[in-house]
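Here chain A shows up in two complexes: once beside chain B, once beside chain C.
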Partner chain A sequence: MIGIKNLKLAVLSGIALMFLFAFSNKKSDNSDKWLTKTGKITFKSTADEEIITAVSNQAGLVFSQTSGNIVVSIPIKSFIFEKKLMQTHFNENYMESGKYPNATFSGIINKIGTINFGKDTTYDVSCTGQLTMHGQTKPLVIKGTIKISKNANALINCNFDVKLADYKIDRPKLMLKKIAENINITLESDCSKFAKK
Partner chain B sequence: MKKFFTFLFIAALGAGGFAYYFYQQKTEKTTTDKSIAVFTSKDLLTEFNANEAGANKKYGDQTITLEGTVFNTTVSDNNILIELEGNDALESVICNFDITSLPIEKIPKIGESIKIKGKFIAFTIEPLMETKTISMVQCLII
Partner chain C sequence: MVYSAQLFGQDSTMLDLLNNGDDKSPLVEATFKTTRLINGHSVETTDKGVLDFRISHRFAPVDGGFYNLFGLDQASTRFGFEYGLLSNLTLGVGRSSYEKSYDGFIKYKFLSQRIKGFSPITAVWISGMSINTLRWADPNRKNYFSSRLNYFHQLLIAKKVNENFSFQFSPTLVHRNLVQTRDEDNDVLALGIGFRHKLTKRTSINAEYFYAGKESLQPRYKNGLSIGFDIETGGHVFQLHFTNSQAMIEKGFITENTQSWSKGGFMFGFNVSRVFNVKKNVK
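Up next is the complex of A and B:
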């Protein structure tokens, strides 16, 4: 009888320890993650009367090579325009960057298991997720490429359009010919495998 | 009457010129504002970790001076990104320099200690790894 009790106790303790171990390691185990904090995002508005472009080199991108989870976040104020007035209007009137400081894409890289991270190859990939911008979250599917190189780099490129109305970004009537209804977004991110310092 | 129309014409011309000047004004490459505080990159991250809302309010769009160790450098078109070390491998400060204010040959080496002045724009915690990043723009080495 005592033997069975001890056995139960040992099994329960073992399970408890396994849970403790799993949760204590959840945060710190990033060995399957790839990241960059200097991803480049370009946006281009091609309207009848004007073409507007802006670039940010401060996009943070992290993905897991095992689960395929991917997060891209970008401070809105990091977009640089050629003209100061355009940058001010972009932040204050359209994106309201004081209220909504970041845009974030959170999703999953589909079929990540087909990518060989040890071989120099370029893969066509797609991501399914949600883009949150200007306080609005919408589903988004993005197609792009991942180029793996031997020196533990993963170059991610993609290009997609976002419709301003979907994110409640209003174009004043006077600006309809100057700001396009759909904005083209290009992402270029050279990710490295995470290594602890 | 003629004088009035002449005045109106000159005023309209002046207003138009003024509007055109503002419309054509280029975005600043470096901040010209006076620095409101001096920190190490690690101390600034510590302050944001302790009170993000308070620090955002205090330093949002302000020019600050930072001292730190270079962890990474990236050249991207006309911009140079210098990453300063944080308190651990997940934390850092990204400083954006226009190439006209930091020529490629003068980019500091990894491990070098530098002092920069720039405009704080954001503190971001990315949810997948919980990396923490402070973003600075219009930077210059001082």
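Up next is the complex of A and C:
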């Protein structure tokens, strides 16, 4: 009888401990995270007959200063074109943003340990990771700069090219001279340290 | 493998940090490819600062036979301009060869379908009028200018079910100031139903039917049935179709269809829409 009582107690306290453990784990420490929800992304297509650009000010970027993990996520519908019809075709026919609403990059900022976040300096950095766009995931290495400001700002700037065919974004025959094979993308994001609300 | 698993675990929690407070659900776009389904209006409005130039032709019934090139020898036409005052407010004017009519309308989208969120449908109100400018059949009679006027009001309700399929209901009121016989009503209630199904990214098959209250019209007038095919290119939408409606204004294609599908009285027609950006989108 005592044996069973002890067993019940053991199981109950085990469960209680597990709960405590689980809850304390859920509250993950985000004090090492830097983020922005209003990053600016510009893309430019330079083709024989036309130059097309569009801008989004809704790029979300978050990185960890301890692990160097970085995630960038952009809603495709946030790209604004000068010609609204181009924007509609971009979403409806090319990016199919109804099916694939976001483009996401996830990777690691290489040699994050060499960055001193307490000093005003600019560093050249490179990120190795994967870009997922239009339902396709491809490896991508991005080179850029990160400018640290003592007042807790990290300004990230980078520039890279993507090949449309890699992401199964088709250009119809009539558009081959109006839309480039490779698109140049610029990211500018002013990140601040994560603060709990 | 372990590396990518770690990354994924981190990524989903990191992504959560970005999505905090993001509750505004994006609008559903491009329920239809252009502002008309076939004859009737779709819930699409012209974007702000954009001018849509439309040319429409309806040929003669195919039962005219080979001699008349199956109706291609005769054409009823309309051309019109539609301008987006706001992205949800369109003003349009046009002129048809049918009764030499001038028409105008105002179209207001007051509800937009959202992907997840408040509205499952898009709803638009249209009010328009047309003026018949044919010379009076009998100039010696007392003829009133108001007899030339006709009006229509529609509530368009549409839903984009998925990337390929959208449907729409169009309850309509057509008011003719002057009707031919005492038996006809000046006010005619009708219900339009239609859908489009995409075949490829840029093409679709469309169908439309307008059921008009039979008690209000002479028995010789038929309901309008149309079946069509849309092709979208850079700045144009081409709509090709077969219909039994010869007119391209509401009072015509809803209450005055004299042709009948079952008697070979359907005709080939097309709409071409070309959009021009008059004002640039603000970045």
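The rule is simple: the second predicted complex is superposed on the first by the 171 of 197 C-alpha atoms of A that agree within 3 Å, B and C clash if a C-alpha of one lies under 4 Å from a C-alpha of the other, contacts with A are read in each partner's own complex, and residues count from 1 in each chain.
In this text, a contact is a pair of C-beta atoms (placed from the backbone, for glycine too) under 8 Å apart; a residue touches a chain by one contact, two chains touch by 3 or more.
All values derive from a computational prediction rather than experimental measurement.
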Clash or fit (per the criteria above) of chain B with chain C on chain A: clash
Please work out whether A:M175 is in contact with chain B alone, chain C alone, both, or neither, and reply first, second, both or neither. second
Could you look at A:N69 and tell me whether it touches chain B, chain C, both or neither (first, second, both, neither)? both
Give one of first, second, both or neither to describe whether A:K119 is in contact with chain B, with chain C, with both, or with none. neither
Would you sort A:N93 into first (chain B), second (chain C), both or neither based on which partner it touches? second
First, second, both or neither for A:K150, with chain B first and chain C second: neither
Touch test for A:K37: chain B only (first), chain C only (second), both, or neither? both
What residues on chain A does chain C touch that chain B touches too? 30, 33, 35, 37, 55, 60, 62, 64, 69, 71, 73, 75, 77, 80-85, 87, 98, 101, 106, 194
Show me the residue ranges of chain C that touch chain A in the complex, using the header's touch definition. 7, 10-11, 13-15, 17-19, 26, 28-30, 47-50, 87, 163, 201-202, 232-235, 275, 277, 280-283
So in the complex, which bits of chain A are touching chain B? 27, 30, 33, 35, 37-38, 40, 55, 57-58, 60, 62-64, 69-71, 73, 75, 77-78, 80-85, 87, 98, 101-102, 106, 190, 194-197
Where on chain A does chain C make contact in their complex? 28, 30, 33, 35, 37, 55, 60-62, 64, 67, 69, 71, 73, 75, 77, 80-85, 87-89, 91-93, 96, 98-99, 101, 104, 106-108, 172, 174-175, 194
List of chain B residues in touch with chain A within their complex: 22-28, 60-61, 71-72, 74, 76-77, 79, 81, 83, 85, 88-89, 92, 94, 96, 121-122, 124, 126-131, 133, 135, 137
